[in-house]
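Next come two complexes, and both contain chain A; in the first it sits with chain B, in the second with chain C.
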Partner chain A sequence: MSVLLEIEDLTLRVPAVEILRGISLQVATGETVGLVGESGSGKSSTARAALRLFPDEAQAGGRISVGGVDVLSAGDAAVQRIRAHDAAMIFQAPRTALNPVRRIGDSATERLVQVHGLDRKAARAKLLTLFEHVGLRDPESLLRKYPHQLSGGMLQRVVIAAALSIDPKLLLADEATSALDVTTQAEVLALLKRLRGERDLGVLFITHDLHLAAAYCDRVYVMREGLIVDHQPGATIFENPGNEYTRQLADAVPTLPAQDSTETGKVGSR
Partner chain B sequence: MVALRRLGAMVLTLVISSFVIFAGMYAAPGDPVAFLIGNPENMTPERIAAVRAEYHLDQPFLSQYLIWAKDLLHGDAGSSFVYQQSVTDLLGSRLPVTLSLVAYAGVLFVVIGVLLGVVSALRKGTAVDALITGVTTFATSIPNFVVAVVLISVFAVKLRWFSVSGPGEGFLGRIHHLTLPAIALALGAIAVVSRVTRQTMVEQQSLDHVEAARSYGLTSRKTVVRHVLRNSLGPIVTMCGLILAGMLAGTVVVEGVFGLNGIGSLLVEAINTHDFPVVQAILLYMVIAYMVVTVLVDLIYPLLDARVSARSGS
Partner chain C sequence: MSVLAVDKLGKTFPGRRGQQPVVAARDISFLVEAGGSLGVVGESGSGKTTVARMLVGLTSPDQGKVMVEGRETSKPERGRAARLRRAREIQMVFQDPYTSLDRRLSVESCLRDVLNRHRPELAKAQAAAEIGNLLDQVGLASKLTASRPHELSGGQRQRVAIARALAVRPRVLVLDEAVSALDVSVQAKILTLLNELRAALGIALVFVSHDLAVVGEVTDRILVMYRGDDVEQNATAELLRRPRHPYTQMLLSSAPGPGWQPERVAELRAAFALTEGRS
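Up next, the complex of A and B:
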């Protein structure tokens, strides 16, 4: 097991706002690491920073290393190599992460064809296999469709398949399964788990769902207001929350009392 | 179904605009008979009656319109009062100059406008961006007859690179002669197109799918071409189409200054000599030209953005 992603004391500020205030975390090969927190806590910014994706005016401090390359000080070509071969990002909103005027097939094979230099046919063949893996039916016809013709869940699976197509070592999954229904979510999570075993895939799993993170991840970091406030093995985070905030997060999930199920049922179902 | 509705709307537009054009001419001051006979000494009652019968001027307004419209459908726009020549022949001989002028200006403003827009979008907030914005804004604010006069005095009179007037002979001669008029015509449009290109591209640059493209290691050149510029084409094509459609009807001044015998100068001439059939035909040509270009843009748009056909189809 070697360290794939290592972030040390990462700070990020855009003029007047301090987004990250000293983040340190690691993801090793074959490991799934959860990053949990409410909206605006800096989860997405942390993942994006790993690929040096932040606005031009942002100032980053600290150190980020992906596969031993210092992302913050590396040249553009080196960063592009990391993005192309080492780490793939699954964006939060699949509908906006795909170019709306291009066909699914073009968008999903773009990295293979335009970045890896595969010919179109080979790229499509590879993608079709992955489409089946992520549970997309009739993958052939999907390639010719446009994003607006597909449901959110289907787009999410397209985006996941496209990210996996480059055989990344590290997957940055930003709410990758949040748009999916429970059954599909379980399927995709199982797929990621399998890949983790087969390819030693390291996953940074970003979610707002502490229960999911606890059940699915080897380790969980809890973020709040640009800081890591807790770090626990997934299995024990509920029994032993290391922080008052973690306990609040855990308690924030409504539980259904046995009686009066009609009232609270509405609140509980999202 | 959509195409049928489109076609119906076009026919309706043509009917209404042809009616308005005809009615406008009918209402114009001056009796056509006076211009047709010319010399006041020939104004005998018999002559007047003969001329009125020949040009259907003795008929009520509506039947005059219907006769005119029916002839138009058969490709006959009447004959010019002044030249005693068929109006369609007259237009046919003047159209090539105007169309080649507009085509030339079109190539200039599309290529230069988009290029400047791309550069200033990619250099947003830098001195280059400010310079492009400043120069193009300045260029739009000068009326095109002033531009034309300045171009003539500098490049034709002082430097003698181009001739002062006339459309030129042969393909290369035509290009050479039309260069200054085309620049004068295109200058204002370059500013508009570059501004639209810049604005749309800047909006596109901040979208998620562009960041996603960057996230998987696409080079910035490919990101710009395949995502930012590609997705900006819809608004750019629309704007270029509208400008081009306007230009087909807006060459009057430039043709006048450069002494080009195109549709624009024919229109001015025809208005001055009360050559009503010619004026009517040119106005109708302008309506049709505008419609053709906008329909072309409407046909191209869904090819650039499939979401549009989905919206209009439902």
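Up next, the complex of A and C:
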């Protein structure tokens, strides 16, 4: 395992507001690291900082390294390289991530053609393979469709395929499955897990869903008001919250009762 | 007599451009007693919002009827008086408090409007006192009365939306994904509030959500919908512990929690042949 993303004592302020107040975290190859917290805690700002996507007039301090490149001090070309080759971001709303008046095949191959210099045919071929990979049926006809013709789950798969098309090492998933049905969410996450294993991806997984972070992430950072207030293995968040705030969050989350064991057994064995 | 009685409600939407018509609801029946609460769960496209909209008359059913305290509310009725009467019987709170409030109205004028229209018998001073009561009920500070929606947080706005619905003193309150967009701490407060309100005012709740854990907190009965059908209906505790229908079992196994395995969901879906027609 090598460290892909390393953030050290990151501060971020826009006039009058301190968005991040000294964040430190790491994501290594092959691991899924959760970042949880409520609205406004700074989760998205942290992920965006890895690609130097700051709000206007923002001032950043500390250190961010992606694959060894110092993001804050690097030249524009080096940051472009990270955005184009090393790290891909998946946002919450796939409908806003794709141009609504362009065919999916054009939007999703744009980066491969414009930045990676592939010809259109090669870019399409690569995307088609990835469409199959992410479980999209009839990929050929998808290329000709417009975003409004697809369901949210299918669109998010398209967005994931497009993100993977640049062969990134680091995936920044910002509430990537929050808008999906639980069933579709489970399918998309099973897929991401498989891809992570196959490609040794590092994933920074941002979610407001504590249950999801606990069940899906190797390690979880809990953020509150621009600070990381807790850091521990996902599996222990509920049983053994690292501090008072995590405990309050864990208590506030409704939890399903355990299913009757005989029935669960039946479901498991079908 | 149940406060809300829904009998064999059905709705079919015509298909687009040569496609098959979509059956959004088929033979949906349930009862909700005073102070009772029914959850309606299912995936996107299962028909749960269509059912909610039929309850309040935003969508007219093709079949079946909705009765509130013995009076059929689903018959098409013309005129202002009939509309006002139905509004007093049944109210709805939507998912997005950002779009469901008039951005030009302060909290106070928003509530006063409703009181003027639905409870004209209240004198000015009484209406002011009632606004205070409503804000108190939903746990909003009275200093916020002059605020407009953009000055409020998402949770505060949703409380205003609930206060506005309560202002007409409805017998039935329908909430469609009303807490889905909120942070868990705010969500927890609103769920507690809803439970207090139905106990205190005897309101019948219909709580539509895709989040089974949330539904588990505020309902005593759950209706599971799949492609317009009622696939299972049972007491909340029983349904969550011992789901009978394979679809309910799959929904429950999809929700992240201890021992959750996302890979299982695709298997279950395939195993129960629920994939047909979905793409």
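What we mean here is this: the second predicted complex is superposed on the first by the 253 of 270 C-alpha atoms of A that agree within 3 Å, B and C clash if a C-alpha of one lies under 4 Å from a C-alpha of the other, contacts with A are read in each partner's own complex, and residues count from 1 in each chain.
In this text, contacts are C-beta pairs under 8 Å (C-beta built on N, C-alpha and C of every residue); 3 or more make two chains touch, one makes a residue touch a chain.
The structure presented is a predicted model; accordingly, all values stated were derived computationally and were not measured.
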* To do: Examine A:His208 and indicate which partner it touches, taking first as chain B and second as chain C; both and neither are also allowed.
  => second
* Using the touch definition from the top, say if A:Gln248 reaches chain B (first), chain C (second), both or neither. => second
* **First, second, both or neither for A:Arg144, with chain B first and chain C second** => neither
* Asked: What is the contact status of A:Arg120 with respect to chain B (first) and chain C (second): first, second, both, or neither?
  -> neither
* For chain A, which side has the bigger count of touched residues, chain B or chain C? -> C
* Just chain B (first), just chain C (second), both, or neither: which does A:Tyr216 touch? -> second
* Thinking of the overlay built on chain A, is A:Gln80 touched by chain B (first), by chain C (second), by both, or by neither? -> first
* Tell me which partner A:Gln185 touches in the superposition: chain B (first), chain C (second), both or neither. => second
* Taking the superposition as given, does A:Ser39 touch the first partner, chain B, the second, chain C, both, or neither? -> second
* Structure fact -> chain B residues touching chain A in their complex are 207-209, 211-219, 222, 226-227, 230-231, 234, 304-307, 310
* Over in the complex, which chain A residues touch chain B? Could you list them? => 48, 51, 53, 80-85, 88-89, 91, 93, 96-102, 107, 110-111, 114-115, 146, 148-149, 163, 166
* Quick one: which bits of chain A touch chain C in the complex? Just the residue numbers, please. => 38-39, 137-138, 151-152, 154, 181-187, 189-190, 193, 208-212, 214-216, 238, 248-249, 252-260, 263, 267-268, 270
* Asked: What residues of chain C sit close enough to touch chain A in their complex?
  -> 43-45, 154, 183-185, 187-188, 191, 210-214, 216-217, 237, 240-243, 246, 249-260, 262-266, 268-269, 271, 279
